[in-house]
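Shared chain: chain A. Partners: chain B in the first complex, chain C in the second.
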Partner chain A sequence: MRDQRWWTWHVAAGLVILVFLGLHMVIMHLDAVVGIFNPHGGHPIEWANVVERAKSAFFMVTYIVLLGAALFHGLYGLRNILFELNPASALKRGLNIILVAGGFGLFALGTWAAWQSFVLATTHVIAHTL
Partner chain B sequence: MLEYKGRPNRLGIWGWLGGGRWGAERYLYTLHRLTGLGLLAYFLMHIFVTSARALGQQAWEQAMATVTGPIFTLGEYAVFVAFAFHAINGIRLVLIELGISVGKPIEPVYPYRTSVDVQRPLAVGVMLVAAILVVLGGLDFFVLK
Partner chain C sequence: MTNTPTEVIFRIRRFDPAVDGEPHWEEHRLSYTAGMTVLDGLRKIKETASPTLAWRSSCRMGVCGSCGMFVNGRPRLACNTQVTELDTNLVLVAPLPNFTTIRDLVPDLMPMFDAHVALHPYIIRDDVDEQYGPAGEFVQSIHEVEQYLQFSYCIKCGCCMAACPTYATDPTYSGPMPLSQAHRYNVDTRDGGFKARRKDLAGERGPWRCHYAGECSRVCPKGVDPAKAIQLMKRELVLDYLHLLRHGCPAKVVPRPAGATRRDGIPDAPAPTIANAPRM
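Let's turn to the complex of A and B:
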């Protein structure tokens, strides 16, 4: 029953990823075709464009939502594939611990990066305004 | 994942490769898994590399310099192609999971009909959409820049 619930969350996370990763891909990799959210022109990874997106609360929040959804979707998918190979119960428990701990660790790192760059970018804007 | 009550998965990962007479959807299933694993591997590295932006401009530009060049461009395009396939095929899987486009239940009367035939136009349609995205991405990566 619990795995059925996790599977529903896996599908729901996929839909969240479809929206936000879709937007991310359009911004980063269809920039020459569509060209959105890169106000300084040039490549989307140029520092000026990175700062422009980082100072937006929308991007900060949606990066964190995307990070959580993608980590859950990806690591739960990996768990399903590994468990299909019928590992021993002890190995299953070990895999669960590694995947959960690794997922939370990466979520913490990514959340810190999104928040810290938001703070850096907005402080930069305030310093320039004063 | 539901616990197995019957015989275990004896083919293991080799079962992914042998779709046999199950048809095209079986290979889409294999590709969905392979692209998913590839995207996960890239994503885990991506979290580390892009976290450099939190340390300022110099750290960011240094991190980006280490992942720039023709090999990385090709690799990034491969990630884009994997994303296009996995995302669009994922929409098909969600539709099927919700019972959309699988056809109405019918009496099992000989000659039996499979619902895969009803699903096939959806599979073809989503692959066309994925192909359009792959071409647009190719234009962006290699032609327009």
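Let's turn to the complex of A and C:
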């Protein structure tokens, strides 16, 4: 049952990545056509555009969701590759713990970073406005 | 091969665990005869040069699945492989990889059959009385038959297991043959055993380790596509997890036609033996 559940989430995470990575590609590489996420014009990674996106709650949420999906998708795939090498049961348990702990650790770090950039961007804008 | 060979060189991997420390190669030269198969060559060698050479074979026509061997780097049926199709007059014959060797060209296929049995490769009805005492025939449309027909051609020769890169390293993986056969019954509308099979399929022994190398389908001597069965099985299990899969066996029993009479001279069918089988 466990693998059935995890595989389903693996597929679902792949779909999330497809959507949000697609969004990323549109923002970064189709800015000449779809410029709505780069209101200040110029290159998408220019400071003004980055700050504009960072102060958006929508982008903050998508960064976190994409991070979670990518971590789960990637780490579950890595687990499958490692388990194909037929490690001993104890090593399998150890790998599970490392991957789960590492995944949650990276997710917490990334979430904190996304939140901080959101806070920083919004306060920066507020300070700039004042 | 553009020219028919006059001589064929058989290089055979020999191993008798009672005598040999490790396998060794033995070479035999045979005159080519028209239509010569690898199995023909092995028989000739056993008759004339190497009487202790061991292998499995039975039907000689690609039906029984006994003579699966590793011929020129690919799992094949020895009876179904013409020497000329190998495109060389050097025939390398070894036992199927991914199995332990009992002797010479005889692999131990029991792990494959154990995995096969564990996945309940037979029809399990929701209506148990009908399963053990069938009152008639079940209705299936052509479309429903096509869902499992090609998978039912499997002869359990083990060639797919020998070609599978995942099974080569991960013995917990059930392998292409057992999984494709589980799928064969899962999609049979006469069957309602999905839940029973799911106990194993949903876990580590299920289709999750398959990363679609497709070698199993490439080497299958019967044209079965186990890789496709495994991908379809993944889809079924995902849909099952999402509660989007319809379970049960809707195929209904057709009542005997009213008023039909048997023509003279046609004997009654023998009593179904399934009635004597132990109930699961």
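We adopt the following convention: the second predicted complex is superposed on the first by the 122 of 130 C-alpha atoms of A that agree within 3 Å, B and C clash if a C-alpha of one lies under 4 Å from a C-alpha of the other, contacts with A are read in each partner's own complex, and residues count from 1 in each chain.
Criterion: a residue touches a chain if its C-beta (ideal position, glycine included) is under 8 Å from a C-beta of that chain, and two chains touch if they have at least 3 such contacts.
Keep in mind it's a predicted model, so treat the numbers as computed, not measured.
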On the A-aligned overlay, A:70 touches which partner chain: chain B = first, chain C = second, or both, or neither? first
Regarding the shared-chain residue A:86, is it in contact with chain B (first), chain C (second), both, or neither? both
Who does A:30 touch here: chain B (first), chain C (second), both, or neither? first
Thinking of the overlay built on chain A, is A:101 touched by chain B (first), by chain C (second), by both, or by neither? neither
Look at A:5 in the shared chain and tell me whether it touches chain B only, chain C only, both, or neither; answer first, second, both or neither. second
Chosen between chain B and chain C, the partner touching more chain A residues is B
Would you sort A:21 into first (chain B), second (chain C), both or neither based on which partner it touches? first
Under the stated touch criterion, which partner chain does A:61 make contact with: chain B (first), chain C (second), both, or neither? neither
Based on the A-chain superposition described above, do chain B and chain C contact any of the same residues on chain A, and if so which? 3-4, 7, 11, 80, 83-86
Which residues of chain A touch chain B once you look at their complex with the stated criterion? 3-4, 7, 11, 14-15, 17-18, 21-22, 25, 29-33, 45, 47, 50, 54, 67, 70-71, 74-75, 77-81, 83-86, 106, 109-110, 112-114, 116-117, 120
Given the complex with chain A, which residues does chain B contribute to the contact? 1-2, 4, 8-9, 12-13, 33, 36-37, 39-40, 43-44, 47-48, 50-51, 53-54, 56-57, 60-61, 64, 76, 80, 83, 87, 90-91, 94, 97, 136-137, 139-141, 144-145
Can you name the residues of chain A that touch chain C in the complex? 1-8, 11, 80, 83-86
Touching residues (chain side chain C, partner chain A) in the complex: 166, 169-172, 198, 201-204, 206, 208-209, 211, 234, 237-238, 240-242
